[in-house]
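What follows is a single structure, written as structure tokens, with notes after it.
Labels run A, B and C following the written order; every chain starts at residue 1.
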Amino acid sequence: MLDTVTTALDWLGIVVFAVTGALVASRKQMDVVGFVMLGTATGIGGGTLRDVLMGAPVFWTRAPAYLVVCAAVSVVVFFTAHLPQSRHRILLWLDAVGLALFAVTGAEAALRAGAGAIVAAAMGVITATFGGVIRDILGGESPVILSREIYATAALAGAVTFTGLTLAGAPRDVSVGAGFA
Amino acid sequence: MLDTVTTALDWLGIVVFAVTGALVASRKQMDVVGFVMLGTATGIGGGTLRDVLMGAPVFWTRAPAYLVVCAAVSVVVFFTAHLPQSRHRILLWLDAVGLALFAVTGAEAALRAGAGAIVAAAMGVITATFGGVIRDILGGESPVILSREIYATAALAGAVTFTGLTLAGAPRDVSVGAGFA
Amino acid sequence: MLDTVTTALDWLGIVVFAVTGALVASRKQMDVVGFVMLGTATGIGGGTLRDVLMGAPVFWTRAPAYLVVCAAVSVVVFFTAHLPQSRHRILLWLDAVGLALFAVTGAEAALRAGAGAIVAAAMGVITATFGGVIRDILGGESPVILSREIYATAALAGAVTFTGLTLAGAPRDVSVGAGFA
């Protein structure tokens, strides 16, 4: 059951980041292919770098559903992004949610792959921040790390909390919950 | 014989992208080492990311001829880039040619490595676009994806067409030809 | 004994680059987490890309001490960066030292992994330059390669000299010394 929870959190993080990527494409007035590329790169970017660094197979090369969902989410944003009044506030809020999710799932993936506590926490931070870095570079904006390092702080705190609790033997649902707080 | 065709297309794409990288170095008035680094990174960048993501050995680590040719092409551009009247138009044209070539050869490399249709199409797009992204980041320009996503659209169309035809059992030369159109 | 020398040079290069990353964080007035992230990414970035391209396990995933040292160095810089009068001159000088160190240790790591001369020289250049590229991208500055390609020239010269001497059978300490000159 907990595996299902983790998988669900991972999917949620990917969808949330895909939306933020598509929102940046919207701000830059790209066409629908720009939405799909930026949304997909943002959604899968963090987990991709984590897998490459851990020497694991990149998760979406075996499960194309990730690509399909990211593309579909981006297309939905393409047709609805003009509706909300304040896209930028939504983007910041979703970014924070995605960071919290990926800090936990990234650290857990590293722990399961046999990494130690410090490396696992670093992987949590990398998974949480890299998608946004790709998005900002491809979108021609200053990377978030420059102007919003408060988010990196949050990602680090979440990853460290989660890793510490897990290694201390805490039940995973407690750790996951604490990693968000 | 068809393998020879694919290899030739791959080399052609690498040379074309190396020229575009060297042309950006020329616009930035770099020295000859800047030409070599930007030309080589642009020429091999897309295929490098494709190989890393597929978990395959990076192609040029086993065949240094790729590095030598990229460097040689960049040096040639260094000594001739002042000759043409309109470097920017040449760059845009070569970029489009390189994208079409790499969209096809990237998708084919992924198919041969056992990837499914969607992943293969994504690899075609990644191979085709990433060299230019590296070039623009290292050259201090806005990434192409921002301002010229028409090219990403073309790369996606080429990769999807090629992958679809190949999986449908079309002879490869037909698929390769259609992937360019 | 020479292995100890190489390891010491590698550590020295990592620390030097971590300091330059933290100095950029200082110029951008980031908080302490920004220092740690930029310092760590700069310190381990070049070696990380080298390992990924060579298909080797990424060095710091097995030895978290690298992460800890980079973070500690960054924290020290956070508390002392306001002291020196000319941070920018220090940064340029350290950058040159780190480049020379990594050009040699990067080429040697590739040679030991079985790479040929040309690939080894390329890996020396990549190891030496990529940390600084990451630092400048994350810090929102123009990548060094654009404005300071004199450093890339130096890295290339160092890597080529070292590789050539090593393959010619020169004792390693001679090659290491010459690679710096």
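One rule holds for everything that comes next: a contact is a pair of C-beta atoms (placed from the backbone, for glycine too) under 8 Å apart; a residue touches a chain by one contact, two chains touch by 3 or more.
Please read these numbers as outputs of a predicted model, since none were measured by experiment.
Novice: With touch defined as above, tell me whether chain A and chain B contact each other through largely the same residue numbers, more than half shared, or through different ones.
Specialist: different
Novice: Fit chain A onto chain C over the CA trace and report the rotation angle, somewhere between 0 and 180 degrees, nearest 5.
Specialist: Fitting chain A to chain C on C-alpha positions yields an angle of 120 degrees.
Novice: Using the average of all C-alpha atoms in each chain as its centre, how far is it in Å between chain A and chain B?
Specialist: Centres of chain A and chain B (C-alpha means) sit 28 Å apart.
Novice: Could you say which residues in chain A touch two or more other chains, in rising order?
Specialist: 52, 137
Novice: Can you tell me which positions in chain B touch chain A when the two form their complex?
Specialist: 52-55, 115-119, 122, 125, 129, 133, 137, 142-143, 145-147, 149-150, 152-153, 156
Novice: Using the touch definition up top, name the residues of chain B that touch chain C in the complex.
Specialist: Those in contact with chain C are residues 28, 30-31, 33-34, 36-38, 40, 48, 52, 57-58, 60-61, 64, 67-68, 137-140.
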